[in-house]
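Order of writing sets the chain letters: A, B, C and D. Residues in each chain are counted from 1.
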Amino acid sequence: MTTVAFIGLGAMGYRMAAHLPKHFETVWVWNRNFEKAKQHATEYGTQAVELSQAVQADLIFSCLPTSQDVDALIDQVQIKSGAIWIDCTSGVPEAARALSSKLQQHNVQFLDAPVSGQTIGAENATLTFMVGGDADVFAQALPAMQAMGKLIKHVGESGAGFAVKAVNNMLMAVHLCAAAEGFTTLKAHGVNLHEALDCINESSGKSGVTENVLPQRVLNRAFPLTFALPLLAKDTGIAVDLVREAKLSAPIIGLTQSLIQAANDTAAPDSDFSAAVKMYESWSKITLE
Amino acid sequence: MTTVAFIGLGAMGYRMAAHLPKHFETVWVWNRNFEKAKQHATEYGTQAVELSQAVQADLIFSCLPTSQDVDALIDQVQIKSGAIWIDCTSGVPEAARALSSKLQQHNVQFLDAPVSGQTIGAENATLTFMVGGDADVFAQALPAMQAMGKLIKHVGESGAGFAVKAVNNMLMAVHLCAAAEGFTTLKAHGVNLHEALDCINESSGKSGVTENVLPQRVLNRAFPLTFALPLLAKDTGIAVDLVREAKLSAPIIGLTQSLIQAANDTAAPDSDFSAAVKMYESWSKITLE
Amino acid sequence: MTTVAFIGLGAMGYRMAAHLPKHFETVWVWNRNFEKAKQHATEYGTQAVELSQAVQADLIFSCLPTSQDVDALIDQVQIKSGAIWIDCTSGVPEAARALSSKLQQHNVQFLDAPVSGQTIGAENATLTFMVGGDADVFAQALPAMQAMGKLIKHVGESGAGFAVKAVNNMLMAVHLCAAAEGFTTLKAHGVNLHEALDCINESSGKSGVTENVLPQRVLNRAFPLTFALPLLAKDTGIAVDLVREAKLSAPIIGLTQSLIQAANDTAAPDSDFSAAVKMYESWSKITLE
Amino acid sequence: MTTVAFIGLGAMGYRMAAHLPKHFETVWVWNRNFEKAKQHATEYGTQAVELSQAVQADLIFSCLPTSQDVDALIDQVQIKSGAIWIDCTSGVPEAARALSSKLQQHNVQFLDAPVSGQTIGAENATLTFMVGGDADVFAQALPAMQAMGKLIKHVGESGAGFAVKAVNNMLMAVHLCAAAEGFTTLKAHGVNLHEALDCINESSGKSGVTENVLPQRVLNRAFPLTFALPLLAKDTGIAVDLVREAKLSAPIIGLTQSLIQAANDTAAPDSDFSAAVKMYESWSKITLE
């Protein structure tokens, strides 16, 4: 019988791990703040265990802020031989390759399997998993990922999952900056932003940002903190590093990273990623509402 | 009884005017290459008339390549007093304001009413109209626009429709450049682009470009000429001019205009807008397929 | 005997006009704040006259903040037939061409003749004049310009002088932004900025900015207000408009204009152009000293 | 008596090493293509020796294409305990720190000491040395550097020298792109480029590029290969990596790196760095002459 563990019960992990007991008999959870693990056990019928026990599971999921956190955690433990580690962190492709090599020496397989779909997708088990690593290992881990996601794709070798996630988030960052610029310009010319948004969302210029971020976070001035701006800054940095490693020319990606970095440098603490538009607002004295 | 005219039977206009006879008894069409007007009359039951007669209609639609073409055409004719001129060209906001003032002196009302939805939207009468001008005039012209479109929005004063269209097309251009950069980077790192695209289209980084342009034009190497790259270059220029007029800072918009301009400068003749990605391909020697 | 007038006794004009009495017997000066004209007369032996008289001179110099100011002023007056108007404003090429045509109808010749060299160059009569307009007219005006400048160049037709000045100031703006970025980066890596500056000023990366602006304005935290940031923002905008008119792709120029615009939007009132670096400092929390 | 070795007799190293016999009795030289070392010995009175002997000198200079070349070479040899290694390569700051630590374990001190001044400066012993590393070690190596240079500066800890060089070359790259854009724009507007250049070189927009590169390499269409474009692309990449490591926002640096990368990707083989302007020329169809 397959045992499953979930390490890291943040906003995403807490909701993701909740689906596992429906498909697996033994589900171990661990969290640095251990009270959260106990609460999860009470709420969803998982078992809160020590980290040393969690890493004895057959399938071990992790969902932490950065690749560095994953590296630091793995350095402390002795993982069960034959286990598969599925890292859902939005991590660094190079780190995935390094970790994969290292774990293979202990007969542990590693998949980089970042997710998208936000907390709502985690709650409804409709996440998208973009997975890098060995195809056979992917096949073995697939059922457990299906318990939490809807679209689960093997996108390439080790690191490929992290790469796709970094590019996805970079595209989102580009779209956000462009929308901030475009809508500031329209408002400066007296255009009704809500009507303009309706038009654009039926036109070629639409994006996830115009469909979701602008109406649900920006134009209503809500800026709910569900994905922190520093994490977006980190992800855009990963995308730039991918460009650099491949010695490519990617001007829009490079500039967007600079802009998100500057927005983050000047943002209020605990800013949602969508608050990046406030940098533009401070420049133009125009409020996007 | 309201008479309607349609001037400019290009890829868009030809299909748009085809819907008018279903709602109006008298529909006049005119085209510089007059054979096309005659063909339209035969095919759809419109009447091919001289330009001088077309401008005697109550509602006059125009759909030409640029605002300059509209200006030049209007300079030649004497428009019926009391008519409404509805310009569906992707034009220049400043030109709309100038033309509107000029026509008002002859008791002709002007609406800038660019459309989106491409030839398929024109064929199915599902276009989006983004309309600038007087609200009462908009209300009078609304039924005729409804004959050809689905979402018809009054977005502001004269020029506002052109402004929204320019920003929409600019956003699309940004998304296109960003997608070209992101997918080139992914391919350089060995990622399967089709699987990656599926993931991104279920994630926060999606856009009209990733949903439609990449699969239907780029990854299949079709690049069908339905919206010419020089016209996109023109539209991105209009967006930059809007930024300049309002004395705003819009770095992504500015850079994208430079990139589209360079792509256009180096493109093969008769390139579709989607062929802008070929500039990136010539840099990276990576083909997006 | 040639009469000369100087209109606009700002920081530059006041010093420039001071040299004219050494070479011309009759030198009229006018300034909106007329006290300044009277003071100039007392100090340098010029004559403070009404504007209507000033424009009766054979050679009329103007040095105002913008081309709009020059246009507005010229609209109020009747200039002597046969006069040459030499405009030292950092103006708009298009305005030069328009003004030149207009004045020619009244038999007045126009030269766009912006200067560089700052107040020190004005004081020492070592300014550089970059002059656009008719070559014969240039030859006639040359001696008067030589009274105030050292290098006086005819760079092309009407507007060419303003174009060269706009590009010069744009280059300076680019160099300033680049230096701010480069030196912030060096300081973040623990490099001694003064030693680094010495090295760069002996190397290929030097510029007027590294040679003069950094040591005399930035690293010493002086930021003396001698050339206001909004005027640099205006000049970079003129350069961008030149790029647009010629339908060129100039990514660095475009981005620099966006950055200077943003720096200006967030700067303290009465900021010297060199204070643009403070935007970078607010991002990085690194002070360039 | 101090023995000195020089490793790497390329365009720079060959000329640099020529000065050493004037100040040191024993000067060993080594080059991968050993014929060049023998020729140097004949020409300048140095001694061509095996690599294993060269690394027995008290002071060992290296001047190779990249930090990777230096690393690879050092991995093959056993350096004399107590020696000082002075690396004049335009290298990577991070590599300097790593190499410095590694060599210290074998009691070898490392200085990163890149130079500027080009082949003419090497020939005339007027190079600028920007040096990172321990201050005492710098003092010991100073006389040997003075034999080849004029301005020799200790700019900070290990890696600081490489950092200053990377930023210097980045600034030069920025100035080059900006000049290409600015002068293309001027020519499009009919301005005489040579006259404009004279004006700018007396104005605030001047740079090493306008003073030297444009007249000596570009406007005369010479593009002599003395500093290869791929090496400039490498150096601009190092600057971007410095920005990334420090988590800064440097939009102009980022964009310039993208442009130089693209220019390099599309350049003819064996292009001088100045040929980067040809990318702009291919866009605008305007030749800078």
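Basically, a residue touches a chain if its C-beta (ideal position, glycine included) is under 8 Å from a C-beta of that chain, and two chains touch if they have at least 3 such contacts.
Everything quoted here is computed from the prediction, not taken from an experiment.
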Given over half shared residue numbers means same and under half means different, the chain A/chain B interface is same
Between A-C and B-C, more contacting C-beta pairs sit at B-C
Per the C-alpha centroid definition, the whole-Å distance linking chain A and chain C comes out as 51
In whole angstrom, the CA-centroid distance of chain A from chain B equals 36
Here the gap between chain B and chain C, centre to centre from mean Cα coordinates and rounded to Å, is 41
So chain D residues touching two or more other chains come to 248-251, 255, 259, 261-262, 265, 283-284
The chain D residues in contact with chain C across the complex are 93, 116-118, 128, 130, 150-151, 153-157, 159-160, 163-164, 167-172, 174-175, 177-179, 181-186, 188-192, 195-196, 198-200, 202-210, 212-213, 239, 242-243, 245-246, 248-253, 255-256, 259, 280, 283-284
Chain B residues touching chain C in their complex are 237, 240-241, 244, 247-251, 254-255, 257-259, 261-262, 265
Touching chain A in the complex, chain C uses residues 251, 255, 261-262, 265-266, 282-285
